[in-house]
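Quick notes on the structure that follows.
Note that the chains are named A, B, C and D in the order they appear, and that numbering of residues resets to 1 at the start of each chain.
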Amino acid sequence: MINFCSDNVAPVHPAVWRALQAADEPDFPYGHDKLSSRLDTVFSELFGTDCIALAVGTGTAANCLALSVLAPPHGGIICHENAHIEVEEGGAPSFFTHGAKLILAEGEGAKLPVEVLERLLDSIQPHVHAVQAHAISISQATEFGRVYTLEELAALGALAERRQLRLHMDGARFANAVAGLGCAPRELVEHGIATLSFGCIKNGGLNAEALVVFDTSLADRLRYHRKRAGQLQSKGRYMAAQILALVEGNLWVENARAANAAAFIVAEACRDRLLHQVDANEVFLRMSVEEQRCLRRQGFMFFSRPATATSPEAGRFVMGWHITEDEAEALARAVAKL
Amino acid sequence: MINFCSDNVAPVHPAVWRALQAADEPDFPYGHDKLSSRLDTVFSELFGTDCIALAVGTGTAANCLALSVLAPPHGGIICHENAHIEVEEGGAPSFFTHGAKLILAEGEGAKLPVEVLERLLDSIQPHVHAVQAHAISISQATEFGRVYTLEELAALGALAERRQLRLHMDGARFANAVAGLGCAPRELVEHGIATLSFGCIKNGGLNAEALVVFDTSLADRLRYHRKRAGQLQSKGRYMAAQILALVEGNLWVENARAANAAAFIVAEACRDRLLHQVDANEVFLRMSVEEQRCLRRQGFMFFSRPATATSPEAGRFVMGWHITEDEAEALARAVAKL
Amino acid sequence: MINFCSDNVAPVHPAVWRALQAADEPDFPYGHDKLSSRLDTVFSELFGTDCIALAVGTGTAANCLALSVLAPPHGGIICHENAHIEVEEGGAPSFFTHGAKLILAEGEGAKLPVEVLERLLDSIQPHVHAVQAHAISISQATEFGRVYTLEELAALGALAERRQLRLHMDGARFANAVAGLGCAPRELVEHGIATLSFGCIKNGGLNAEALVVFDTSLADRLRYHRKRAGQLQSKGRYMAAQILALVEGNLWVENARAANAAAFIVAEACRDRLLHQVDANEVFLRMSVEEQRCLRRQGFMFFSRPATATSPEAGRFVMGWHITEDEAEALARAVAKL
Amino acid sequence: MINFCSDNVAPVHPAVWRALQAADEPDFPYGHDKLSSRLDTVFSELFGTDCIALAVGTGTAANCLALSVLAPPHGGIICHENAHIEVEEGGAPSFFTHGAKLILAEGEGAKLPVEVLERLLDSIQPHVHAVQAHAISISQATEFGRVYTLEELAALGALAERRQLRLHMDGARFANAVAGLGCAPRELVEHGIATLSFGCIKNGGLNAEALVVFDTSLADRLRYHRKRAGQLQSKGRYMAAQILALVEGNLWVENARAANAAAFIVAEACRDRLLHQVDANEVFLRMSVEEQRCLRRQGFMFFSRPATATSPEAGRFVMGWHITEDEAEALARAVAKL
C-alpha cells in the first residue's frame, strides 16, 4: 500500500528525530528555552528581514492565529472559495477572529486573480450594514497544487496596499512553492505579506508549525493570542527543535524538492488526465469512479474529488517528502494502464 | 543546576521516546490512525467505565475544551481564586467558552470547601442580571500541592448534583494525586466528574494531554470544538503514542510516585517551613528573599511566591518524574543550612 | 417628496402613540411591568399555541437572538445569499452566535427551494473539518417581496425535521406575508418554526420587535441572551405598549394590508417592469439609471439595485403602512410616463 | 404607593414626549435623519471639545460598546467589585468585548482609589500567562450614590496616562454627578475619559442613551460595533429626539437636580442611618428586615441590601426626576417613625 492521501501521512524525518532527542534535557518552559530563543534570528536570516517566529501545534492554529491580528471581529477576510481556511478548518477562523467573516472569491486553480478581487471589493457597500474587507488570505502553494508566480504576488501586494488590506499567506506547503519557483524564500513574502503560516508538519516535522510575523508590530498581540488559544506549549523546546532541524541547513527545501519531483513524475506521465497544472507536490487526475476503485484495489490510497459543474471526477494524489521515485513511477504506471 | 521551577522542565521519558519512534510510519491523519483509535478503550479500562479520550497539545487546551461543554457563554464556572485556569492561562477559559465567567471562591490550599461553595451559590441572585453558575472546576492535585480526599470529592459530587452543576477536574497532576492517595483512578472521578484534563506532559510526555470525557454525550461537541480550536493534530498518532506509553503499563503512576517521593523527602526535612501540607509533588517553603537568593546561588532553580496578607514569602519547588532522591536530598540539605 | 426607500421611513401609528402614553406611569423595570407580562398570553392567543414573546429593540437583534439558540458557535445556519442576515446586518449573526457560519444557498425571489437545500446538505461532509448545518433561516416575506406559500412552508418544515435542523423565520415583514396570503398567522409557523422575528417597527411601531419563541424550551436561554446583549430595556413597558397596540385588535394586519395594497397598485400598473412577482409590500421595477434619475427629480425616493449577471438595473420601492393609494398611483403614473 | 426601587421606574418627561412626536414624520433610517445628524455637534458643544455621540437603546449597550474599543479580547478592564458592569449586566461586558476580563478592585462607596489601583496593577505579572489590564471603568455617580471629586478624577486620569490604560466612565447617572458637583460637564471628562455612557433613560428619557466618544479615533469602529450588536435602530430619529430634548436646553441637569434634591431631603432627615454619604440621587439607609417590612406596608417600594461582613442590612432608595419634595418628605417621616 502506498498512501497518497496527504503529505501529512508522512513519517517524521530522521534529522528531526535527532534534533528532538538532542533537545531532551531539562530547560525552562513556555518558550524561554535555548532553542525557542533562536527562532526569531533563524527566520530573520532565512527571509533577509527582521521577523518574529512563533511555534504552534497545528496548521489550523498557525493560519487562524495569523488571521486573528489582521481583521477585527466585525471585519472580513477575503479568501478563495476552496481555501483550506474556508473548507477544511471546521470554522476555526471564525473562532480565532471572534467572528470575522470569510468573504469568498473564485479563481482558477484556487488562486485569487487581482481583477476578481477588485470587482469583489467594489461590490462591498462602504457602510456599517456590510462587513468590510480588512485582509486577504492566499495559499502558497494552493489547495489545488498551483503556485502564485512572483508577478502575481507583486500584483496582489500592490492591490493590498492600494486597498489598505493586510495579507496572510497560508504556507502549509510554502516549502513546495519555494522549491517549485526555484527562488529565494524572501521573494515570496516581500510584497506585503504580514503573517505567514510556515508549514513544517507536512514536510518532515512532527507537530510544529512556524507562524512568521513580518509586521513585527503584531507580534506582541500574537504572543497573547497564542497563549490564550492554548497553543503555547510548556515543553516548547521540542517544537523549536523540529523547526530548527528543518530550516537550519536547508532540509526544508530538500524535502519539498523531493516531494515535488515525485509529483512531476506522475504529472509528466499522466499529462492528459491533469485537472490542474502541477506546480508543487499535488496532482489531480481526472478518473472515473470505476478507475479510482481499480487503483485502490492495487494498493494506492488517495482522496476522491467529486465532479462539479465545471470539472469531472478526479483523484487527488499528494506527495510527501518520503515518497520515492519508484513509488511515483509505480503510480504513474498504474494510471497509464487504467 | 537543578531546576525545580516546574515539573514541565522535565525531559521526555525514554519509554515515551520508544513509543514515538515505533509510531513513525505512514498512517491516516486526524485521529484515524491505529494508535488514536485505541485511546477510548484504554481509558475506559483505566477508569472502569465507558469514556472518550481526546488527545490535545497543551494543558490549557485540555482544561478549556473541557470547560467549553460545561457552561454556556452566558454562564459561570466556579473555581478557586488560585486556580490555574484563573491565574495562569492568559484568559483562555474565556476564549474557549466564548466569555463564560470564572466565579472565584476561596479555600485553604487552593481547595474548594463545600460550605464555601454553598454560601457562594446562595449569594447569586437567580435572575438574568447575574451570571449564573453552571459548573465547578477543581484541580487535583491543587496548585498548592494539596489533594482532595475521597470524602471531599464525594461531597463535591453531591453538591454538584444537588445544585445541578457540572464538574470539571483539572488533572494536570492527576497522576500525582492518584499516587498520593494510593487509590484507583476511578475513585477520583466517580462522583460526577464530567470532564477530566488528564495530564501527561508534566509526567514524562512530550506535548500531549488526554481530555477524558465521562459524560459521553458531550464527546461529539468536543470533537468539533477540538478541531475548531486548532487542537486536532494531523499527525495525531504521535500524540496517542505518548499517552498510550504512559497509561498502558502503569508508567504514569510510577513516574508520579517518583515525583511525590522526592517531594516527601524535602517536606520531611523542612517540616517547619512548610506553607502547605505536601500531598503530591509540590513543596512550598517559607523563606526570605535573602534565603531564596542564597539557594539560587547554589544552583537551585525555583519560583518565588510573594508575601500575601495571610502568608509570608516562600519558594515553590516542584518535583518532576526525573528528580532523583539525591537531588531532593541535596535541596533538603541546602534548605536546612540556610 | 415621497419616500419609498424602506418601510422603516414610516412614522409611528397614532394608536401606538396612544398606547405609549397610556403606559406613562411609574412601573417596575426590566419586563416586570404590567404590559410586558401580557406579551406571552397575547402571542399565544394570536398563534393558537403556547409561546413566549420577548421585546427587543431592533430587527437585527430579534433575528440574531433568535438564531443564537438554534446553532452552536461551531455550527452553521443555512440562509439565502440575499438574506438580510447575510447582506445587511454587519456581521451581527456571527456576533450573537459566537461565530456560527451562514451557509449560503440560491433560489429565485430570495426563497429557499427544498431541492436546493437537499443538494446543499448532501454536499457537506459529515466530519469535524466541515461546518455542519444546524438550522435554516427563511425570510417571510423575503427580501425581494416574495412570500412562501403554505405548501412551501410545509415542505421546508418536513425537510427540517428529516434533517434535524431548526427553523428560524425572519418576519420583519411577517404581517405583510400574512396579509398577502390571507391566512391565519398560525398557518405560517406551524410547520416547525422554532423562533420568529415578529416585525413591528416597519409596520407602525417605534422601536420594538417581538421575538416569538415556539420552542419554549429555548426561552430561558433567550432571556439570558437578551440581557447579555444589552437588549433588555429598563423601561420595557414602552416596548410592550407598542407591540400590544399593534397585535391586540388586529392593527398589525390592517397596516400590512394597506402597505400591500399600495404595492399592488404599482405592480398592476407596471407589470412589464416587474423584476419579482409582488406578493407583499415591495416592488422591484426594471429601470435604467437615467430613468431612475428622472423619477428622483420628480421627488420619488427609492433605492437602486445594480445590474447583476442575471438581472438588469432596477429600483426598489417599499410601501410603508402610511403610503396612501394616491401616493402609490402617483408613483405608478410617473413610471408609466418614463 | 411610591416606588423608590430605581430611577428607571420613572415615566418619560413631557418635553421628551413633545420631542418624540415632533419627530413623527417620514425620514431616512439608520441615523441618516435630521435629528441624529445633530448629535455630534450638540455634544461637542456641551463638552467644549470635539466628540462623537452615538444613540443606543440601553445603558448596558452603552457601557459595553464603550468598553469594546478600550480593551482587546485577551485584555482586562479594571472596575470596582460592585460596578454595574460586574454585578448587574448578565455578563454583557464579556460578550461585547469577546471575553475581556473584568479585574475587580475594592474601594469605599464603590469608588476606585488610585492607591488601590496602583497595588493591583503592580500585582499583575507582565507576561502572557496573566491577563493584562488595558482599561479602567469608573461609575460617576457610583452604584452607592457617591461622586468622584474633580481631584479624584484628575488623579485617575494621571494614573491612566502613566500606566497606559484607557478610561471609561459609566455615566448612567452622569447628570446626577454633574448636578451634585455643580460644575461644568467638561470638568468630569477632561482628564482622559475616552468613552462615556451618558445616561438619559433614568433621567427623563424613554429608551435612548448616548455613547459619547472623546477619543474620536475610536468612533468608526464603534459605529460598526453598534450595528453588529443590533443597536443601530432604523427609526433612529426617535432616539435622537429623546436625547436632544434632554441635552439642548439643560433639562438633563434640571431633572438631575430635582432627583438629587429629593435624595438630600431624605439624607438630611435620616443622617444617622446613612450607609454612604449622599452625593447624588441614591440613599442607602441602615434598617432591619423588620423595619423594611414596615415601610413597605406603608406603600414605600425599594430594594434591600443584605448585610455583608462589613455593613448591616439596608434599604436602597433611588430618586427619579419625578419624585416630588412631598414624596421625599413622606419617606423621611416614615423612616423617622420606625
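Just a few scattered comments:
Keep this in mind: a residue touches a chain if its C-beta (ideal position, glycine included) is under 8 Å from a C-beta of that chain, and two chains touch if they have at least 3 such contacts.
Predicted, not measured: the structure shown is a model, and the values here were computed from it.
Using CA-based centroids throughout, the chain positioned farthest away from chain C is B.
Comparing chain pairs A-C and A-B by the number of C-beta pairs in contact, the larger count belongs to A-B. Note: centroid distance chain A to chain D, computed from Cα atoms, is 50 Å.
Centroids built from CA atoms put chain C at 42 Å from chain A. If you average the CA atoms of chain A and of chain B, the two centres end up 34 Å from each other. Chain B has residues 73-74, 89-91, 95, 98-99, 128-129, 224, 227-228, 232 in contact with two or more other chains. Looking at the complex, you find that chain A touches chain B at residues 3, 5-6, 8-12, 17, 20-21, 24-29, 56-61, 64-65, 89-92, 95-96, 201-202, 206-207, 224, 227-235, 238-239, 320, 322. Listed in rising order, the residues of chain B touching chain D in the complex are 73-76, 87-91, 94-95, 98-101, 128-131. By the touch criterion stated above, chain A contacts chain D in their complex at residues 30, 72-74, 98-99, 128-129, 132, 221, 223-228, 232.
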